[in-house]
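Structure provided below as structure tokens; questions to follow.
Labels for the chains are A, B, C, D, E and F, by order of writing; each one numbers its residues from 1.
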Amino acid sequence: MAVVVTNVERTPLALVDTLAGYGVATIHEAQGRTGLLSPRLRPIFRPVRVAGNALTCEVAPGDNWSIHVAVEQAQPGDILVVTPTSPCDDGYFGELLATSLVAHGVRGLIIDAGVRDVAELTSMGFPVWSKTISAQGTVKETVGNVQTPIVCAGVYIRPGDVIVADDDGVVVVARELAATVAEKSEAREKNEVDKRQRLASGELGLDIYDMRAKLEARGLRYVTAQP
Amino acid sequence: MAVVVTNVERTPLALVDTLAGYGVATIHEAQGRTGLLSPRLRPIFRPVRVAGNALTCEVAPGDNWSIHVAVEQAQPGDILVVTPTSPCDDGYFGELLATSLVAHGVRGLIIDAGVRDVAELTSMGFPVWSKTISAQGTVKETVGNVQTPIVCAGVYIRPGDVIVADDDGVVVVARELAATVAEKSEAREKNEVDKRQRLASGELGLDIYDMRAKLEARGLRYVTAQP
Amino acid sequence: MAVVVTNVERTPLALVDTLAGYGVATIHEAQGRTGLLSPRLRPIFRPVRVAGNALTCEVAPGDNWSIHVAVEQAQPGDILVVTPTSPCDDGYFGELLATSLVAHGVRGLIIDAGVRDVAELTSMGFPVWSKTISAQGTVKETVGNVQTPIVCAGVYIRPGDVIVADDDGVVVVARELAATVAEKSEAREKNEVDKRQRLASGELGLDIYDMRAKLEARGLRYVTAQP
Amino acid sequence: MAVVVTNVERTPLALVDTLAGYGVATIHEAQGRTGLLSPRLRPIFRPVRVAGNALTCEVAPGDNWSIHVAVEQAQPGDILVVTPTSPCDDGYFGELLATSLVAHGVRGLIIDAGVRDVAELTSMGFPVWSKTISAQGTVKETVGNVQTPIVCAGVYIRPGDVIVADDDGVVVVARELAATVAEKSEAREKNEVDKRQRLASGELGLDIYDMRAKLEARGLRYVTAQP
Amino acid sequence: MAVVVTNVERTPLALVDTLAGYGVATIHEAQGRTGLLSPRLRPIFRPVRVAGNALTCEVAPGDNWSIHVAVEQAQPGDILVVTPTSPCDDGYFGELLATSLVAHGVRGLIIDAGVRDVAELTSMGFPVWSKTISAQGTVKETVGNVQTPIVCAGVYIRPGDVIVADDDGVVVVARELAATVAEKSEAREKNEVDKRQRLASGELGLDIYDMRAKLEARGLRYVTAQP
Amino acid sequence: MAVVVTNVERTPLALVDTLAGYGVATIHEAQGRTGLLSPRLRPIFRPVRVAGNALTCEVAPGDNWSIHVAVEQAQPGDILVVTPTSPCDDGYFGELLATSLVAHGVRGLIIDAGVRDVAELTSMGFPVWSKTISAQGTVKETVGNVQTPIVCAGVYIRPGDVIVADDDGVVVVARELAATVAEKSEAREKNEVDKRQRLASGELGLDIYDMRAKLEARGLRYVTAQP
């Protein structure tokens, strides 16, 4: 009863690549602190940063069959996003699947489960964010949906939404908001240049952000240490 | 009431070293997806790969006395495998014990507990797979069994079985199956060469593994995305 | 109702820097196996070692306001120690706050919560020990105590106590015991030089530490493996 | 920037109450093993079973302000579903809020965070499924969305979808599928009556489900124990 | 090198018993949301509520020797508070120790580790809050401090401070603040009587707490659901 | 490639039933603190105590097929012991399987995974110790070994070994040691009768177990509290 949705519209790669210019923390802030996947997903090597269109895929616990189905749906610039239908730490993905994805222009993998062959994946420079590293193999008996909306690591993701991932984690940007979020991210970064200089010169955030009155209003008191 | 079993037979080192030529994921597959220790055991540095004969050791929680007993039983080519009799994250093992093990030809440590001095162990190039990194010291009051069969990280291990460990984790190969598993691993690797090339050239796993009919039989449907 | 204690006395930096000469495991042993923070705190890069005076700070869950307050209290040689008033994995701290701390001579951050911008923090060489890495931003609505005694990662820490942190974790040394602990650490290290040489030459811990009689008294038995 | 969506359409209560006649496991099966919230949500008392329309609510970590906003949107037959914008174990909810919800006809609470006053909630018979029990209080500084689609405990939930919860956990049924799922649940239960009798009489599942040939095809072998 | 501090002053039992009249959540609020132990500590039976003077005790991992030392220090009205020097889930405490404590007037046990004989402890009505239930026994080789200040489940506790524990968890009240906290708890409870009635009659928290203007100022918007 | 071992010898039921007369903690002690399964396995209702012969069964993640195979191997007095080949929290087992097991005289279930229908299982009085409660259903595609030695919750268990389980957890007794362990358990219980009376009368463990000299030798010091 599983479904593969074909011909899914992607976010234009020019826009995806613009978003790749900003870190996950910046984008997460720029879109109102939404869209961040659980920090249990960690990159297998660092430093790393990548952006791409979500190619979504559900897998049964201990079963990676639908990943093979998903490869056929890949387009250059995609990032494969895999979520198990119930929690699983098995090693769903390794060097051979990565080789196949690279051949189809896929830029990386986000998986709320385990991966293996991490030495080889690191040598290939194929970026992966996963919950676990595990050599545990999987079967091919049950097939899940491909290119349908999913929840991965606590966040709702639709095929063709933009995924940005770096050392800090993984964030999703809704396709229709991608241009706006890119603009806001740019504005945020510009705004930080000045702040960074002021902070580097020793100026206090208390003054830059004008916090003293507000803190006093909240009842913050200063007392001198007793000798 | 603890016991040390002496004169334990090992797997011949030539065979152990052959197994070291394959990754943990390959060996795990070659022996029918058995023998993999829990992925909670992680290497303290990467990349890394080692194989050796299991030198087994039980320790009480917060007590590393029997590790000292185990060192005397070490033979060149061994890997020390330590399991606590109840779960513990303390730092049972550090630079001095590693120095001692290296002097007796031991190739690494597998421990379902904590280790410390990881900067020094890394400098020495002494490989460790552990559950935790912790500076918490241990006492020497209770002694556990050495060179008896143990369960470590969820897997039954007998002294003299082969341990293979790499970036993906740790697997045990039963001594009497070691030759067979080496052969099957070799066959697996050869088989993957061709597959890797076909996948790298863009051929799909769906075709290479002839999955389409089986997927259809399972009811997989393809639908076009609604604009 | 939050309080900032000003003019807190620090441990003299000469003494702090002496303690920085020893690893966390050594110091933890030298002070009787006390003062070690939970191993859930891990460094964002390795190898690393730093020592400094604790600049303490409480934060509400998902709220980093008091970190800004704490910066003003910083003195050269401090290490900022942050604990949430209830458990939280959010990314309380990033590049801008690190820039500000560096400008005031702060040497690192210990936080029982999350941090972000870890690629930038790593480039800067600003050491952080945290529970999580997360891009999740925080608000500025609730202010916590600064420079009061806190419990961080299970350990009681007073402002001006010495923090030493390395690849193995984080330990606190009470200000009034710092000189004694430095001496005992020195003695421990000297003592280990000789032991390391004897162990490296193949001598057994069983003999160096004279354990055989005690082990026999505890009932340890040696049996030969059955063929 | 938070939003409250008013006048949300509910699933008719007659249909909701029909679904309440089936257990969570039955409904989960009837809708193709989808919609089950993470088993980390557990009821505060057992046995218990309830169904209602989802009244959704996002909360900031350590901040329960939007729950007060949600109460005003309540209609008889609703179940309040609360998700934090980042993980939090604080006690967001207690006796007073339960009293308020009961006054507006709300049937229970699903919260991927903590609750308190569980003795009082148990005495009142107000059912709660939560991640934690914690007395830790929350602030009222940041407001989240009310009656928008959310992800709670790993599942996407829209306001007005049906929640069914019992000793086994919590499942959501999409509003437009509720009637179909009720029918399939009924069919499942009827089908089980006969199976239960046959199994109770000692007949084997291997025979009832005609598994023997398939097992043999999969290579299952029977061997006699060695004495 | 362990120490037992004798003749520790307690909080007067009349005051302790007054505090027992309030729930943990109320007391936690009354003292400014401080003093709450980690919610990982759960009661072995419910409902339950008890208050007493903290009789503190440190134990080594897997070693309950100092609990025997602590019993001698017990006074009627005490609650034994046990913390391991490194995390441990073993069953440190069972029916015999409970029998001994009851004989000396001790009212309950708080332990950041495991207990056993929970069926017997439940039959005796001896209340326990623990991290785990485990039959795993412990040794008697290493002794820890008794009646010194400790950190238990994340909170700093001094001998003679008041412990209150119920279905919601465990809170500590500093001895010198006990009278004040009792008064504030009483005031809180009185204040809640009126609120409870208003909420029960259907009045909204939004109105009772006068939240509407503040919410609007924070930008909360109401929109009507699209059909 | 899975195997079912038939005609497995059991421990005589008279002996099993004798062991059922002792609690898990007692048996665990009587056999030298071995054989205890991880405390992550908890009973679905309390109080409870049962003993039986282990009927072992491996299952793939998310796949309960081999449980059906195991039922055919059941004999009166067995307890089904199920372990997944990689960690899984799904609900492998519910009312129908319990009905089938009861029809064949099986006394309970030990499973290092999830169960469902816990309200019904509780009504039936069918005892279960599990890692999770979850309604998540499983497939029937991969078959595991039945009646072979397994590791369950960290412990090595052979078919026909004795399982004893109660409120404190689960312990296994090797078949060939069952009689000896029963005797030692009996001796332990008798020994405790006298101790319990002495402790109940207020006598101290310090005196009963003659600990004072040993504690002094270990350096325990008594100091009087400073006012």
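The definition used in the following text is that a residue touches a chain if its C-beta (ideal position, glycine included) is under 8 Å from a C-beta of that chain, and two chains touch if they have at least 3 such contacts.
Source: prediction; values computed, not measured.
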Chains in simultaneous contact with subunit B and subunit F: A, E
Centroid spacing, where centroids are CA-atom means, of subunit D and subunit E in whole angstrom: 30
Set of subunit A residues in contact with two or more other chains: 1, 33, 36, 86-87, 89, 134, 136, 142
Those chain pairs that satisfy the touch definition: A-B, A-C, A-D, A-F, B-C, B-E, B-F, C-D, C-E, D-E, D-F, E-F
Sites on subunit F touched by subunit B in the complex: 1, 32-34, 36, 38, 85-87, 149, 151, 154-156
Subunit D - residues contacting subunit C, complex: 60-63, 86-90, 134, 136, 139, 141-142
Residue ranges of subunit C in contact with subunit A within the complex: 1-9, 65, 68-69, 71-72, 89, 91, 94-97, 99-100, 102-104, 114, 116-120, 122, 132-137, 140, 142-143, 147, 159
Sites on subunit A touched by subunit C in the complex: 23-25, 28-29, 33, 36, 39, 42, 46-47, 49, 166-169, 171, 192, 195-196, 199-202, 204-206, 209, 211, 215, 218-225, 227
